[in-house]
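Before anything else, here's the structure in question.
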Amino acid sequence: MQTFDPSTMRGDISSIRFEPGSTQDKMILNMGPQHPSAHGVLRIMLELDGEYIIRAEPVIGYIHRMHEWIAEQKTYLQFMPNMGRVDYLHAMAWNWAYAGAVERLVGIQVPERAEYIRVVVTELNRISSHLVWWGAYLLDLGAFTPVMYAFDDREQILDILQAVTGSRLTYSYFTIGGVYEDVPADFSKRCTEFVKRLRSRLPMYRDLVTDNMILRGRCEGIGELSVDVARRYGATGPVLRGSGVDSDTRKSEPYGVYNRFEFRIPTYTEGDAMARYRVRLDELETSCDIIEQAVSSLPEGPVSAKVARVFKPPKGEASMAVEGARGKIIVHVRSDGGPKPYRVKLRAPGFSNMSLFAELARGTMLSDAVSILGSLDLVIPEIDR
Amino acid sequence: MNAFLLFIAHPAARIILWLVLMFAFIGFNGLILVWVERKVAAYVQRRPGPLHVGPQGLLQPLADAIKLMGKQLVTPVAGDKMLFWAAPLLAFAPVTVCFLPMPFEGRFNPLPMNLGLVLILAFSGLGVVSLCLAGWGSNNKWSLLGAARAVAQSVAYEVPLLLSVMAVAICAGSLDLYAIVRHQGAWPWQWYAMKNPLAFFIFLVCAVAETNRAPFDLPEAESELTAGFHTEYSGMGFGLFFLAEYANMVIVAGVAAALFLGGFQGPLLPGVWWYLLKIYSILFFIIWLRWTFPRVRFDQLLNISWKWLTPLALLDFALAVVVAGFRSIK
Amino acid sequence: MIPECLAAMGATHVVAMNYAATGVVASVSLTPETILNAVEVLDKEGYLLEDVSASDLKEGFEIAYHFSLFEGKSRLVLRLIVSHDAPTVPSISRVYPGADWHERECFDFFGIDFTGHPNLHYLLLPEDFEGHPLVKAEKARKGLVDVMPQTWLVAVGLANPEVPKPEAPKAEKPEPQNAIVAGVKE
Amino acid sequence: MAPQDPGCLATVSTVDQPLVAVPAVQKLVDICRAMSIWPMTFGIACCAIEMMGVGMARFDMARFGFEVFRPSPRQCDLMIVAGTVNKKLAPVVKRLYEQMPAPRFVMALGNCAISGGPFAIEGQYNVLIGVDTIIPVDIYVPGCPPRPEAVLEGLFAIQEKVTGRRWWPEPEVGQL
C-alpha cells in the first residue's frame, strides 16, 4: 500500500479529524456514503484492526434537507407535505406527530372517523415500513430473496394506501384537524383481506428466514444493548423493546383512539440484533390486530374539522409524541401567534438510535457492524432531517 | 475422414482440439450459466427475470458480455498496474488447464494420465493467487479486505476438500478421473455419493466455499465489502473474473459429478449427456443455495471448516482407508 | 402531577403544564450552572433523554432538554437561556452520552458552545459551512412573552395574573378561535 | 444537457477512437449497451425506495436488461440520482460519476435531483438546485417520488437515447 501523510491530505475534513496521527497496523476505512448497506447516504468511518472494529464514527448530514428551517418559512398547513419526506417509510406517523402537535396548540377536536382512519393508515404504513426493513436487513446479511417477498406484500399495502391517499410513498394525507379525504367504500374489505394475506405469509417467513441457522448465527448475540445504555442514548421503539423495556408511546401516552384497542407490545429481553428482529416481526402481528379492530368499528361521520387554510394559533408551544416504526417521534411546535411556526423541532427516533452505533460496533467485526446497522433500522433522511 | 482420425490420434493435436473445444465450451457455458442463474433467481423470487432481450431473455448474457467488452478499462492510479491486470488473466488461465482431465466421454481422453485429479486440484488452487493479486494491486481497502478473506477461506477449505477427494481416490485406487468414473456404475447405488455420502457432503460444501459462492461469498460480499476484491475492476477485467467464477463452478461440479455421481456412466444416453446433466444438476443446486441463504460471518466460516469439516473429513478418510485396506486384503 | 425529584434540581421555576394542550407535564427553568446537577437527578430517576433543542429568542438562545420515563405521560422540559454574545452551557453528554449528537446539532443550527463536549463540530452541515442557519435576524426575534403560553408566563412571573387576563383573551383566544372554527373559506 | 460546471467537461467530452469502425458493429454494440444497463446501488432519499421497488418482483426491471445492481461504481453504466443532493453530498456524487467507466449514463430521478424539488426555497442554505449543476444528466424523471412505471419509462428513454428507437410497446393509456 502507499504510504501517505495525513497532513498533506487535501479535502475531506472528517477523515483528517478521524485520523489521530500514526495508525500503524490499523486501517482507516470509509464506509459510505455510497455503500450497499449504508441505507442511503450514511457514512461511517472505521478504524480496523484486521476485520475488528477499534473505533467507529458515523458521519451524517449527507441528506440534511433543512426541514426545521423550512418550517419557519411556511404556514402551518404548507409544512405538512414535508412530513411525508422526513421519514418516507413511515410517513403517516410523522404526519400524525405534526398534525397532532398543531392540533394541541390550537385545541382542535378531531372527528371520530378521522381518528379511526388515522389509526388504520398509520398501522398499514407501519407494516410496510417493517417489511422494507426486513427485506433490506436480510439483503445486508446477504440473503437476496426475502426482500422480493417483502416488497410483494408491501405492494399490496401501497395499493390500498394509494387508493386512499393518491400517493405511493411520501404521504401527506393528514391535515390539521383530520384527514384530507374520506376512504373509498371498499377500504375496510381490502384491509381485512390484506391482514388475512399477511397472516398467512408470516409462518412462511418464520420457517424460511427467522429459523434459518445462518441468520441466527448472524443475529444472536450481536450488538447487545443494555437497558441503561439505551436509556442514556435515548433509544426508543423496537431497539428499546428488544432490550426488554415494555415502552410504547401508543400505550404510555395514548394518542388518537389507541386506548380503545386491545393489543400486545412485543418485547424481548436479549437486547441483541435477533431480539430487535423478533420485535419487529411481532409488531407486524400487533399492527394486524389493531387494523382489524379499527376497521371493524369504523364510525361514520365527517373526516375533518373545519380549519382554515391559513390560521393563527395562540402563542405557546406544544409537543406531540407518536410511536413510529423506528421509535418515538416527537414534534415540538412553538407559535408566536403568527401564521407561521416560530420554531419546529423534529425529534427523529433514528437520530438517537444511530448515535448508539459507535457504542455497539466497538470490538465487533465488519460483518457484525453491517448486521448491527441493519438491526437499528435506519432511515437516513429522518436522521439528517 | 481417415486423415481426421489420424490427426485425432496424435496426442498434441488431441490436446489442441480439446482446448479449442473447451474454450468454446467455457465461453458458451458462461453465457448459458448466467442466464440460468438469473432465471433460477427470478423463479425463486417469483418474478419473470430476463424476458424481453431475446426469447425469454436468452440474449441477455450476450448483450452483457458485449457491453462489458465495450466498457472503458480503468486502472487505479495508485495501484500496481502489472499485478492489477495480471490478476484477471491469472484467474482465467488455470481454468482451461483444469478442463483437460475432465472425463466428458469415456472413449475420448485428450491427455491420458493417471494424475488428473491432482492436476485439477493444483490448478484450481491457483485461483486464490489471482484474488490475492487483485486485492493487492487495486490499492483499495475493500479489495484488500476481500483478498485477505479469500486467502483465509481458500486455505481453510482446501484441507477438507482434499481429504474428501482422497477418501474417494483411495477407494477407487486411482487419481485418474476416468478410472474413478469407471469404478462406479450407471446406477445411483453404485455411486460414491451413496457409498460415501459424508465425503460427498463435505465436498459440496467445500466446493461452494472454494468458488466463493453464497453463502460463502465473503471475498466479494456485496453488502459488506462493496464488491470485494474486484471493486476496482471495470469492463472486461470484471468480466474475466465473472467468467472465471462460472468456469470454476463448472469445474467443481464436473469433479463432483465424476467423483461421486458416476460421471459419464448412465443408461441409454451417450455418456457426455449424462455427464452434462449431472454437472448441471449440481450447478442448479449451487445456484439454489445462493438465492436461499444469507451469508455466514467470517469467523463462522472458518469455524465450520476447522471445527467441523476437517475433523469429519479426517474421520471419513480414515474409514475409507480401512475399507480400502480390507478390500485389498481380500 | 409534578415528580418529586424536581425539588432536588435547584430550579428557578417549576411549572406544571397541561398535558392535553402542550404534551408536557412540567416545565423546569434552570440556569447553565444547575443543568448538570438537574440532569444527574433525572438520570438517577431513570429518565430517558428524548432530545435537546434550541430556539432563538430575544432574551438569548433558549435550550430545551426533553426527558421522559419509559411509561406514562411523563415528559419534562428543562429549559435555560444563554445570551447571544456568549452562548455557553456545560455539555450533558457525560451523563447522557446520547446528548452528544443533539448538542452538536444545536451547535450546527445556533452556534451554541457546549463546554466539555468531546467533539463539537458540524454534524449535519458540511464541515466547511460558515454560519448557523437557524439563528434569526435581530428584528425577527420574539421574546419569551410572545412564544410561551400565558399560564407559564404567569407562573414564572413574566406576566401579571391580573393584568393580562382582560387583555389576553382579546389578544390570543378569540382571534385564533375565529380563524379556525369559523374560517371555512375553502 | 450540458453540464453547468466546466470542471467535468474534460472528463465528459473526450472521445476515444473506435476499435472497430464498422457501422453495423457499432450499432450492435450500441444495442447491447442499451440492453444491458447496470445501475449503481446508490439511493439517496425517498426516490431510492421507488428505485428499489422497480427492481422488485412486481415491476422487475430485470425483464428489460437492467438486472444487475452493482455496488461498485467501476462496474456500473447508470447512476440513478435518486434523491436530494445537498452541498455535503455534491462532491461525493461528482466523484462517483468520475469513477464510473465510460459509456455512463445519469438519470435524475425525482424533483429534488432535477431542480431541488420542494426544498428549492428562496434563501435556502443547503440543497443543490438540480444535480445537473455538477454532472451531466441524460434523463430527467419527474415526480415526488416518481412511480415505478415512470422509472421504467425513464430507463426506456435511455435505451432510446442510445439506440435511436423505442424497443418496447407503449403502454395503453389508462391501462396501468
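By written order: A, B, C and D. Residues from 1 in each chain.
What we mean here is this: a contact is a pair of C-beta atoms (placed from the backbone, for glycine too) under 8 Å apart; a residue touches a chain by one contact, two chains touch by 3 or more.
From a predicted model like this one, the values you see are computed outputs, not experimental measurements.
The chains in contact with subunit B and with subunit D alike are A. Of all chains, the one whose mean C-alpha position sits at the greatest distance from that of subunit C is B.
Inter-chain contacts peak for the pair A-C, counting C-beta pairs in contact. For the pair subunit C and subunit D, the distance between mean C-alpha positions equals 45 Å. Work out the mean CA point of subunit A and of subunit C, and you get 25 Å between them. Chain geometry summary: the mean Cα position of subunit B and that of subunit C are 65 Å apart.
Chain contacts: subunit C has residues 125-126, 133 touching two or more partner chains.
Contact with two or more other chains is made by residues 56-58, 71, 88, 125-126 of subunit D. Contacts with at least two other chains are made by residues 45-47, 222-223, 226 of subunit B.
Because contacts link the chains in a way that matches no line, ring, star or complete pattern, their graph is best described as other.
Pairwise, the chains that make contact are A-B, A-C, A-D, B-D, C-D. Residues of subunit A touching subunit D in their complex: 11, 33-36, 40-41, 61-66, 69-70, 73, 81-82, 85, 88-89, 132, 147-149, 151-152, 155, 168-170, 380-381.
For subunit B in complex with subunit D, the touching residues are 38, 42, 45-53, 57, 59-60, 62-64, 66-67, 70-74, 222-223, 226-227, 230-235, 238.
Interface residues of subunit D, counted against subunit A in their complex, comprise 40-46, 48-50, 52-53, 56-58, 71, 73, 83-84, 86, 88-89, 91-92, 96, 118-119, 121, 123-127, 144-145, 147. Chain contact summary for the complex, subunit B toward subunit A: residues 41, 44-47, 78, 139, 141-142, 144-145, 148-149, 214-215, 217, 221-226, 290-300. Interface residues of subunit A, counted against subunit B in their complex, comprise 1-2, 27, 29, 35-37, 50-51, 138-145, 148-149, 152, 212, 214-215, 217-218, 365-368, 370.
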